[in-house]
Amino acid sequence: MTAMIEARGLSLAIHGMPILRGVSFALREGETFGLVGESGSGKSMTALSLMRLLPEGAEASGEILLAGRDLMALGEAEMCDLRGREMAMISQEPMTALNPVQTIADQVAETLIVHAAARPREARRIALERLARVGLPPDAIPPDRYPHELSGGQRQRVAIAMAIALRPRLLIADEPTTALDVTTQAQILALLKGLVREEGMGLMLITHDLAVVAGMADRVAVMQEGRIVEEGDTESLFTRMRHPYTRALFEASAHQPERRPTARAEPLLVAEDVVREYRMPGLRLFGPAPRFRAVDHVSFTIHKGESLGLVGESGCGKSTLTRALLGLDPIDGGRIRLGGEEITAGRHMPARLRRRMQVVFQDPYASFDPRWKVGRLVAEPFHLLETPPEDPAARVAEALADVGLPADAADRYIHEFSGGQRQRIAIARALVLKPDLVILDEAVSALDVSIRAQILDLLADLQARLGLAWLFISHDLNVVRAITDRVLVMQAGRIVEEGETERVLTAPEHPYTQTLIKAAPQIPAAWRKALHG
Amino acid sequence: MRARLPLQLLIGAAIFAAFALAALVSFLWVPHDVTALNIAAKLAPPSREYPLGTDHFGRDMLSMLMVGARTSIAVAILAVGIGMLAGVPLGLWAAARRGSLIDEIIMRGNDLVFAFPSLVIAILITAVFGPSATNAIIAIGIFNIPVFARVSRGAALSLWTRDFIMAARVAGKRAFRISLEHILPNIANVLIVQGTIQFSLGILAEAGLSYVGLGAQPPTPSWGRMLAEAQTMIYTAPRLAILPGLAIVLAVLGLNLMGDGLRDLLDPRLRRARQ
Amino acid sequence: MLNRLKLAIAALALSASAALAAKDTITLGMVLEPPNLDPTAGAAAAIDEVVYANIFEGLTRFAPDGSILPALAESWEISDDGKVYTFTLHGGVKFHDGTEMDATDVKFSLDRARAPDSTNAQKALFAGIESVEALDPRTVRVTLKNPDGLFPFKMAWGDAVIVAPESIDKDATHPIGTGPFRFVKWVKGDRVEIEKNPDYWGTPVKLSHATFKFISDPNAAFAAMMAGDVDAFPNFPAPETLEQFKADPRFRVIVGSTEGETILSTNNKAGPLADIRVREAIAHAINRQEIIDGAMFGYGTPIGTHFAPHNPAYVDLRALSKYDPELSKKLLKEAGQEGLRLRLMLPPPTYARRGGEIVASQLRAVGIETEITNLEWAQWLEQVFKGKDYDLTIVSHTEPMDIGIYARPDYYFQYDNPAFRDLMDQLNLATDPTKRAAILGAAQAMIARDYVNGYLFQLAKTGVANAKIRGLWENAPTQANDLTGVYWEE
Amino acid sequence: MIRYLARRLLSLALSLIAASIVIFAVIEIIPGDPAAYMLGLNASPEAVAALRDQLGLNGTAFSRYLDWAGGLLQGDFGQSYTYRVPVAELIGERIQVSLPLAAYALVLTVLIAFPVGLIAAARRGRPADWGIMAATQLGIAIPNFWFAMLLVLLFAVKLHWFSAGGFPGWEGGLAAGLKALTLPAIALALPQASILARVMRSSLIDTLHQDYIRTARAKGLTRRQALLRHALRNGLIPVLTIMGLQFSFLLAGAIIIENVFFLPGLGRLIFQAITQRDLIVVEGVVMLLVFAVIVVNFMVDIAYGAADPRLRRRR
């Protein structure tokens, strides 16, 4: 079969910084081609180069042949004619990919209108048909809705409908499901698979998740720092993994830090029937506005030194619960006691109680004040001590050492550190007062697989050494399996299942947990055994 | 886009520095005493002795412009000071207590002051309490307060949702300390940019007030009044009306260019692109 | 395209023809807008500048040269003891609303003006009246408390015009008088329009329609004149542009005199100013010609006392306060007032604002520091005129023959000299012109020697008009824009 | 939507009441007595006292506030001290100049700012953008009264295309009225157009950085199509607020321009009223201007709802 699209020696530099260094690959008709790599490896830039939608200051070279035509030689007008008709793209952020002030039907129909493929009335008919095809039938989801009225998954479906309106030969999907929940991700991937099969489209799937690629792609290419280091059909690549980087990537994603159980029987944090409600901006003029119950009678106990997991999809109430546990927001029912003492909201929480519990956030770039030096950042919790420590600098240096960072890090600003290093600093800040409990709110979700593995090892080591307990909140089952003793599964504000992690993840009792586990993409066990055998 | 940034800032800073320098120098030395009238030498064309000629009272235009710069800059900068000292704390307080009664009161108060026609009220204040530079400062300053309150509240609100603020709350710090230690330093650049804009608007407002005779009183020279007095002689001595007008335009232009340059320099979006 | 062409030609023709017929409408520029149009209930000069001799008429009126002419009163006899005036009125005179004008209207007007609760700004004019009787529709007898040679002069003032009881309440906004012009409309803040009164009792006027346009901003006045929006500007606010208009053939500059004695009023009871040596020192520090050149660009005649130079009874006393800075420094040292600091309050007109700056620098030259405060008229009246809370101020007294104000101790410069009050009493009794001139001369000398105020200059009347306009007043014996004699010369 | 409207109307009413109290208080403490001013230089004290009584200047501050505020509700702004005519009539005359002038200036502002802002955003970073930015910088820096002066000198005094000022009234036809307002409108529009063009440009540039623009480009839209079909409408929303502010400023801010062109507008009325201490007129006009601003803000809010569906149903 002739290659439907082929890149030969594709190189790219932005403002002089090299991004791609001679990338070559080919994609045949009706084939799903997986491009996998960590952030900064240049996979998104490859996609944008194919579409020739590069940002300002980008200089690209090499050849891109679409059915024999070299796109690099085409003028802007010809490229506009190709985009949407011959090749299309969907991007990672469904929340911002759609025009907020235009109805979904109009946006899908626009692809047809712009290419003069149909008059407006006809274009709308096709648009409705395409929306139905991607799982948004007009009777279920009225076509004249606006993007803000749809969920993340539904918006991604609209984006797909827009892309396939003119049945292009190639669909490029750049991290299409990274921002979605596990269950929604499974549906979208199934939809893409169906489209490739039925419409004979070529699909280029870009992701950082090996499991997703394993389940979807016919052939896979692994990228590192702007180069394809290994390429081949999926099964042979996974079972042989000749290139060391591919192997390291695989190892890191399945990494299980060894942990010594340090859980003790003595309860540390006890939550009884905790309820938290939000006032909805109601439509009725008088009478109580309807209330949305984010946390609905949640009860659980964290024992000293225990590593408790909390799993649930976005919108299930995890972060609301976290804010309640930290005493940042008042609770509308039930009680939370830390070491026997009751936690009350915000202002009047005594310092000695707050000293026993700290938190690490998800986004390493947002959890630090850019204007503060690292030393002062880590020392901020000292505010909770009645008398400031005699030698704060030493305490900070010790905390930094605990997380494997040099003492001189204290004199530098946060923007001089990588994502992984920043999370280490966050952990140092949480541990500087030697708390009993640390809440890790999606602490590793934003990190690349290799760095995530190092942080998990660090956490396991710290728990063993300092005997502290933590509540590990995540939407990623693999991470939870790696680091927690017991796990709670949360859905729509309620704990639907609780138990020892291994038991819950291998023999789930509650149907929701079952769908959760089934939806999470797994690298086939046979391939893993073949690799180790 | 980035290459152009320092140019805008440099040009603006250079122009404004010239005026600031002229104003400072005028404290120590001025070619001719602006209070001494010399009717005999009135409307003299530019000469070695009077580089920019003399006005209808025979005073040296260059000295008048230099001392006039002092008035304009002093009035505008103090008005910005009033705006910042009163406006920023209000904005921070409203943001710290967003959604509460305080927030509502401060915002409603802001809208109320915004609803008042600033020029009309400025004229009322200066006319009522006697035209003088101090009254002009107060009149212009009052209308800077809501601007800074609104700008600082807006910037602070977007910060309050950031994780590092929650981290500070978990470290036991309360709204007041957080506003001081975290919020203020991080909205400083927005305030600096807004400051330069209000500074340039202040110069225009002072010129407007003095033009209708309500700014600084004689014998203190002010650009606006020089403009008003020179207007009727625009035919016989256009120089008298052109020079003060030009001085106002250049000073405001310099400040606005500086403001633009600062905004690009400090704009996080651009800064991240540069890292 | 063709019809558009035809339209253009027609329009051109139309406008051309209008220009050919002799122009009989005029647009007059004025600086201040009158607060209302009833001269008997407000003192603002702007009211008289619109209505005097145009809409309203009194028993007598001022002639352009300041002399007194008969108006509604055809003639009058004075009794031997000078106390009783019998006026015979013109017959067949009607108000603009058609009602007859007769003796009862005269009685109504005079009684109304001198009533205790009257809001007439010049009540003093009528204070001397004992009684007013309407003998028959055309004769009025006025009996005075004591003889007053100036009575016909007083009846010529704008505040003494004859009004009708039927129309008096509406006069403020819709004036009804007996004059040659009728009121048309008043667009507040912009203009007042008047038109020819078809059934006027006297000689008909040449103009059919006149507009008084209010332009306070000197630059706007200059632009309006140059652009031809305004035909004449009797009191042009920007003397510095007169050279411009003189050089332009389209315009004529009319320079005359006014009754405005521009003085540096001194608060005779304010601390150091009570000492005559300090007042004399101030007088000698003033260089009048420099003020006239600097502030009024040369228009204005220096004066040595509070009297109009064009008045025959004027005595030139400028030598008493000649410009001598050294003398004023000596006097200040004698009075022990080195480093004196005085407050100088300035009302809005240009003669005050510009004059003030020049006076301030001249006083500074002899060691007197002044702190200038610019005030609006309302504030000036409140703080300076009524409150007497000032040291120095500059104002032009434009009422005719007002030397009598020096006889009022409560007047704002607080000059209290019984000898001067005797002179004024003698003046009121005297009817013989030479005797009156002698008394006036002595009065002028007294206030000059007492250095009551700094006498600066007589305000000039600087007007600009289209070169083709004739009949505008050159001088301003009273505040008025008498259009009765005005016409376009073709 | 009804609950939101009710809340907004309530806050509107509250603001008006608060504004009326503030205005009355500020003007209460003004020194200077209108009666004295009206009677002039040699007026006798009893005459002044008689007039004060006639004008109702005596009585406690609170009672006078109640009369005034009560009157406002029925559209009776009280009686002008100097002109002795109802203030409402005065305002009625003057608003016929100020409102059309503000509208005319706003139309000019939009006609200039929109295309200029669009071009600058479309060609950002290139010479056209540079040139426009420099021009708008100048536009903002020039004081409008100085610019007005230059306009008069060039177009009225030298070229005689326009009259130097004054207002013939609308009876002489729309054309004559508009002609008289042209130069003042240009003088007012210059700085406002520069501000609006800059706001338009930066708002469009922000929008062009959004993801949905890249999605549109990926669908095959050219750069221009993406700008016109997607960026423009999203970019307009912040521009609406600025236009709302500008209209209220134009209504009140023309005070100096009306002096330069001696237009009988609200600006000059209030300026004269301040100098003549005609307090009742000052109160009336300021109240009207505040009311106009609040109503304009209210309309901008409604327009927001129309322009941005996200704001529509959620309220």
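Chains: A, B, C and D, in written order; residue numbering restarts at 1 for each.
We take it that a contact is a pair of C-beta atoms (placed from the backbone, for glycine too) under 8 Å apart; a residue touches a chain by one contact, two chains touch by 3 or more.
Not measured: the values here are computed from a predicted model.
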Set of chains adjacent to chain A and to chain C: B, D
Chain of greatest Cα-centre distance to chain D: A
Highest C-beta pair count, chain pair: C-D
Rounded Å distance between chain B and chain D, as computed from the means of their C-alpha atoms: 22
Interchain centroid distance [CA atoms averaged], chain C/chain D, Å: 39
Chain A and chain D: spacing of chain centres that average the CA atoms, whole Å: 50
Euclidean distance of C-alpha centroids - chain A vs chain B, Å: 47
Contacts with 2+ other chains: residues of chain A: 56
Residues within chain D bordering two or more other chains: 31-32, 125, 149, 153, 259, 274-275
Shared-contact residues (touching 2 or more other chains) in chain B: 1, 127, 231, 234
Pairs of chains satisfying the touch condition: A-B, A-D, B-C, B-D, C-D
Residues on chain B engaged by chain D in the complex (per definition of touch): 1, 4, 108, 111-112, 114-121, 123-124, 127-128, 200, 204, 207-208, 211-212, 227, 231, 234, 241, 245, 248-250, 252-253, 256-257, 260, 269
Chain A-touching residues of chain D, taken from the complex the two chains share: 1-3, 6, 125, 210-212, 214-223, 225, 229-230, 233-234, 307-310, 314-315
Residues of chain C defined as touching chain B within the complex: 218-219, 222, 238, 240-241, 243-244, 290, 293-294, 353-354, 356-358, 360-361, 364, 372-376, 379
Chain B residues touching chain A - in the complex, by the definition given at the top: 1, 162-164, 166-174, 177, 182, 185-186, 275
Chain B to chain C touching residues, read off their complex: 35-37, 39, 42, 56-58, 127, 130-131, 213, 217-219, 231-236
